[in-house]
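What follows is a pair of complexes built around subunit A, which joins subunit B in one and subunit C in the other.
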Partner chain A sequence: MSTPRRINKSTTGIYLFWFGSDILWERVGSWQLSSVKSLAKLLVEITMSKPAEKGSTDKKTDLSENKLSREEVKAQREAKKAAKLAKKKGKDDTNSGEAVPKDNKSQSKDANKAVGDAKAPAPAKSNKGPAKEPSSPGKADAKKPTNANEKNKQTNQKVDRAPQKQPTKPAQQKQSAKPNNGNETSKPEPAKTEIIPATPRTKQKKYKAKLFNHLNGDTKAHKLFINNTAVHPSIIRVGEQYLNRSVTGSNARCIAFLYAIRTIIQDYVTPPNQEFSRGLEANIKNYVDYLQNFRPLAVSIINAYKYIKYILTQLPTNSTDSKLKENLCELIDAYIRDQIDKAAEAISSTVQEKICNGDVILTFGCSSLINHILEEAHRRNVDFRVIIVDCGPFLEGQELLRRLISKGISCTCVLINAIGFIMPEVTKVLLGAHALLANGYVMARTGTAQIALVARSFNVPALVCCETHKFSERVQTDAIVFNELGNPEDIVKESNIKEKRLANWQSFQKLYPLNLIYDITPPELVSAVVTEVAILPCTSVPVILRIRPTEILY
Partner chain B sequence: MPDASVKKDFSVQQYFAQQMEEDKSMSSGIAAIKTLLMVLERTKFDTVHILHSTIQEAVKEMRNTDLSQAAIVSGTELFMRFITLAKFDDKPMEECKQIMLHRGKIFLEKLLQSRSTIAHQALQFVTDGCRILTHSRSRVVLQALIDAHTKSNKQFQVFVTHGGPDNAGDQMVAELEKVGIDAILILDSAVGYVMESVDLVMVGAEGVVESGGIINRIGSFTMALCAREMKKPFYVLAESFKFTRLYPLNQRDLPVEYKYIKRQRDNFKAHPMVDYTPPAYITLLFTDLGILTPSAVSDELIKLYL
Partner chain C sequence: MLNLLFQSNTITIFEFSPVQILQFKRNLTFKRQNMVEDFDISPHNPPLKAIAGLIHDVKRGKLEGSYNITVKTLDILKKIISVCDWKSAEELMKLIRTQGKILASALPQEVVTANITRRIIKLIREEYDLLQAKVHQITDDSQASLHKLVTQTSDNDISRDYSKPQEGLREALLDHLQEIETEMETCSENVSAQAEEHIHTSEVILTLGHSRSVENFLKRAVKKRENLTIIIAECAPACRGHHLAANLATGSAEIVVIPDSTIFAMMSRVNKVIIGTHSVLANGGLRAACGAYTVALAAKHYSVPVIVLAPMYKLSPVHMCNVEQDAFNLVECAEGVIPYNSLAAKFAKVYSPIFDYVPPELVTLFISNMGGHAPSYVYRLLSELYHPEDYEL
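Up next, the complex of A and B:
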């Protein structure tokens, strides 16, 4: 039993890592069946805070519904059934491997296969739950079925990992042999899988598997897609621009996307026996899906896409194609003009009231909007100076620095490590944003949360500037659930400028360079959000979403 | 020249001062709205544009007085928003004027009731035997306390700060004692000392800003800080006409005309008359729109103005 115990511990450990508490990890490190109750509770909390977790979704509902008595009984029964089935199937190992991932029965069976020498544990553990159940199936020990669930889940976790690596192994070994384009290498498993023997391997990929596995970085071999004749060249060009980061920033990406869509509309020929708008919508949908292979869509693009879908549904049916095309292009131009250009003007003029003589303004990264605001303030002859905080791996601040200096604004540039040193002299912090979420959280370039936190601790007001076309109806409280993974190569490259210590980082078993693109700033750290509508506290985002005009309210 | 005709009829400033003098319990915001109604009634105008400029002129004159700026600004803005800027389609100007006057009077009546609405809401938060700290003199707080004492026979103790520089706290204590409420006058500097022994803090506000924070007589922020540190609830009582479209980031960011009285605006050694209490320090706001959290204030303002 020692082996299963250990494995279970490690899976629990992952959850607790998520939970962010070392102490809890210590405590659970020595967990016994008696302490399962508290653990189950804990897992309920954890699973609730972790909606994107694969495979455990069905479990989650079981666990969270425990409070309702009817649901509870149901859950118990389900758990019993599941455990029995697991027991049965555990015996006949011979069945095929990768089943439907959500089905926990087949998964616990998979676990047996996959984990090799730790074969016994999964069914053995899940047996325990049902064994206890019959004795007291009432309301009082709702935790016991939960135990069973939870254990099943633990085995699920194991399974989640196991089938993933085994099938991918042969394919990726080939790829890792040639250190080709960076996008392939962002999956570090191949190198590991080659070297590490079976059991340590189960422990190995925890980080990636548990916390960031659901995020797809730019892992797809875009080369495969590039010569796709079914896709409009303008989309391919935009995708390529996203990929090599020649077009970055929410606004720029949105504009590039809209221009591409405009070209598509102009080039579109309605197939015979098809309606103009229907065919076009289907086409655009394909293109957008394809575009996602290059980089996950920005919130601004998602909103723009929703707008396009909306205007396509509003088209009159009795018009000629050329007229409709003209109409659509005008609407797209209007979107760019109103939602991006004019919004920037409005925000800039609002922020001008807040920039006065003697101000020291700190900004982070490179935001086109912030650039616009600062240039405008300079044009007004306000006596202020700017501190640009920069950070790797892209050093985007350099671009802003270049633009501001060319305008003659006095600038200081520091790296993010010096933020604590520079903050005392700052009077205002201006931040750009990737998106504003419905719960008031700000999604922005990684590092923004840190800047806001330091600003708050130095009591410097932090203003986030964000157009309303970047407002999202999504709710998110951490940067893990939804994010974008950049190329890990970028991080490693930067750290070995002088020494080639990490040159062959793929061979390091326990190294996974994590290049998160965005982070989440809680509303408490943001003094105000400046939008084209008004200056608002972060908490008023839902109101803005509610009052948006219908054509923008998707 | 419409502007000239206004001045011939009556002086805005004089009427405004007179209103404030007549009824001591009237907020400057209400007085400003009354004055604007009078302007509307007395002047003749032919176009909406002239009406607008006349009213602007009157507002400007009122802002030139030494009274609390925040309430005047928000009150008049609200008035313009709902009375004079409202759309009238193809009606003769004289008819429009009558409609406006009618509307204005309803508006004013509603505003005059708001104070008792607030007092009613605050009632459940005042319990028997509780000790309340309040800052200087606030008409809303005064009415809320008197209502709690006389209408629902609650026994409680009130600590009132002196409220420099004009020591309005003295008057507040006198008014409270008149109805039989146990009131104790304390020094402004004794807020920290008293805080541990009180159960809740209740203050009024000159203006409620978009962030959900308040602008109030100097010393309110200190009180809020102390209350936060001692974990005491900090309640604000304010009528909804005090909601202002302003978003101060910190004390420095407050407009100068709010902070200093007119003759001191150029004197950089002058003492500010108001301070800004950020929303993070406020537990709840009692308004005639309901009991709001600070974040709800911004939602209400968006509803009003957008």
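Up next, the complex of A and C:
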């Protein structure tokens, strides 16, 4: 509660000018008694500005301009500092808060008159004016009017917007600065394109259920779609593929990542006075950090990255760059071949022993490994059929269904809540996994735990298939501590709903569609884990983790 | 007294060729015509027009929700009592029984119709006995007791003679029916009035889909208790949970809408599961919305109490005969699972069942308009509600 109140105070000045007193009254209603003093102060100010209403805003701006012309440019520079101070100070904030928009006005008078008409698109264009100017406050100010100008937007959104205002300013600068490193002169250009598409989205009320405040959804990612020349294009492409979910599944994501890293290595030019491996490692680290903004890294990617870091430290120092690059690329190819492709084949051949004639195999979602296993079993002319359990919002099961149907395997498809209906006829459950945690818990697409639970209640064995490159050192006992949040819109906009009652869920005060990507299956629900090494109980994961460094060399 | 009503195999499999769908539709209409004709064949017991209309409305989806169906059935049966020409209690019972049977066989999934019929037959018995007792000064032993249930074979075999005409039976019945009607009207209110007894401050509640009684119950809870978090599983493919979410979102509680796949992940944080049900079986098991089994199982896994809101008219003296559920489920149009126009739909079998069976051991408590009951107590409630001879209509 404390944060919004604080920001309210600091920004009330702005609201005073831009909205009639009625809006302020609403805001007042939401306040707590502790801020009564500042309230009284505000009311005095309202009565000063009240009689004029909308039309008066222009006059007001003129007045403020006059003031500012006296103060001159100094105030502009100090405005930024004042804005920062605004957080710390209490009542004085109202004044400093006012100062910020005033600065804008002095910078672009015409733009602010357009603002007076309360047209949303106008300010967006007007921002270009100050943004082009190289002066440093220009950028920070450019955002302020966009916030203030949105009279059309609901006041509720305003309240929630307010807290974001000040944090986002430095954050955005950081975001654009971090990957840049080089700090090109063309920086304002991408910044401009950034703001315009981003504003409508960030304006939306972001209500999040209390339980999930610590998890970040894909909120900032869309700001990164820029021609950021400091980041290698292959990484940007991979990032975009992650974001729009054209590449999903931990294996596919890992392979895409490794290919991107390979191109980076090939394109890498060692700067003078730098060692090849050191420079490259620092470079790749930047890229990986950047990639993390699109989607949290999969465990498989983290492991692959660890491997790359390891092989970079093992490089010989006395050979040429081109030879080293060749060496590295070979090692990466070997990783893909051994850890992903060969492992899949090994697992497949192990599972084949378990699939026999007359089997009814249930699987969930779309796992590349399970697909491989089932196709292999079909090739061996085993007479079996497959039940694919699907679930919203991604409906990945349809993809697996399409692939298996095209191979001529007989398939049945149900949604996940019909699992109790279909389970009696199932003889085996095969599940894919996102990662295996060191305490034996299986991290996989949400719903996997439910399948294992129902399978256990019907005494059907549930096998989890997972390559060892997805094994993680992390331990976790529930799905909420560490997870990934998908876009809540996906749940609301499922295609098969007739009446979309929640289409505008943002208009509800405390409603949140939760799109959790992974869940955690406790080991007691899993009969065994099939890895390329052996069929193991879940609890043997730490054993594999312990022997891995000597065996696979990282 | 075990009555295996669900033996008729009502399952239908939808496979996805448009031709087959057409065929199915044709079959359906054909069946309906057939059904009406079937009743015509027996000249003694034709379905009344009102009954036929009710069946038609339910099949067409014009009349939905077990409450509405029950109220409508009750209304029709009341009219039968008041309008139809009958001389003795036996005649009336036969008349109502026949109509009830027609309803039950035409709408095997809507057990509430059979339930209300049973209830009314029991009422007729009671009223008749009462009037007879008044006339002949017989001590009233109509009240069933556990002792009587156990010793039933010996002294209860002497079935009463209902064939004698009885003065004032019609008026007494109509009076009593009024009571049942008011009970129906207040029943949802009575259930939701118990919300405070079960929900405390800052509780995290999980529910599934959309049930009328759950909605009222939760609305009441939101009003009375602060800081509630209500997690709603959407119940695909119809996603009726979204309706519930939209209706509850105006309150002060925090609403989290989750897809059905997230039930297990969220269950670890849930204090109570509150669900509605389609009907309660004689053993205390549920026939509830699809997905209820997963919810109950996950709740069991995390030792979360499962509270089922079941007004008395949903209690039915029917046992499930088939563990595999085939006989008691219904499969609806599977368009929601896979769109018809996709290639895979041509080759795959797709099911979209409506109900789930939840065994009584997964249920913690039933809340009816009469109060809270353990699942093991359902048999007793049944014996109070219906006469044992009417378990089979």
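By definition in this document, the second predicted complex is superposed on the first by the 330 of 554 C-alpha atoms of A that agree within 3 Å, B and C clash if a C-alpha of one lies under 4 Å from a C-alpha of the other, contacts with A are read in each partner's own complex, and residues count from 1 in each chain.
The rule we apply is simple: contacts are C-beta pairs under 8 Å (C-beta built on N, C-alpha and C of every residue); 3 or more make two chains touch, one makes a residue touch a chain.
Because the structure is a prediction, the values reported are computed rather than measured.
In the three-chain model built by superposing on subunit A, subunit B and subunit C fit together without any clash.
Using the contact criterion defined above for the overlaid structures, shared-chain residue A:354 touches subunit B, although it does not reach subunit C. More subunit A residues lie in contact with C than with the other chain of the pair subunit B and subunit C. In the overlay built on the shared chain, the residue A:512 is in contact with subunit C alone; subunit B does not reach it. Of the two partner chains, subunit C is the only one touched by A:480; subunit B is not.
When both complexes are overlaid on chain A, the residue A:469 reaches neither subunit B nor subunit C. Of the two partner chains, neither subunit B nor subunit C is touched by A:232. Contacts of A:453 after superposition: subunit C is touched, whereas subunit B is not reached. After the two structures are overlaid on chain A, the closest C-alpha atoms of subunit B and subunit C sit 16 Å apart. Within subunit A, no residue touches subunit B in one complex and subunit C in the other. Contact residues of subunit A toward subunit B in the complex are 354, 428, 459, 461, 463, 524, 527-528, 533-537, 539-540, 543-544, 547.
Of all residues in subunit A, those touching subunit C in their complex are 209-211, 390-393, 398, 401-402, 405, 410-422, 424-425, 445-447, 449-450, 453-454, 457, 478-480, 491-492, 494-502, 505, 508-516, 519-520. Within the complex formed with subunit A, the residues of subunit B that make contact are 210-212, 245, 247, 249-250, 253, 279-280, 294-295, 298-299, 302-303, 305-306.
Interface residues of subunit C facing subunit A in the complex, by the touch rule stated above, are 229, 233-239, 242-243, 245-246, 249-250, 252-266, 268-269, 290-291, 293-294, 297-298, 301, 323-325, 329, 335-339, 342-344, 347-353, 356-357.
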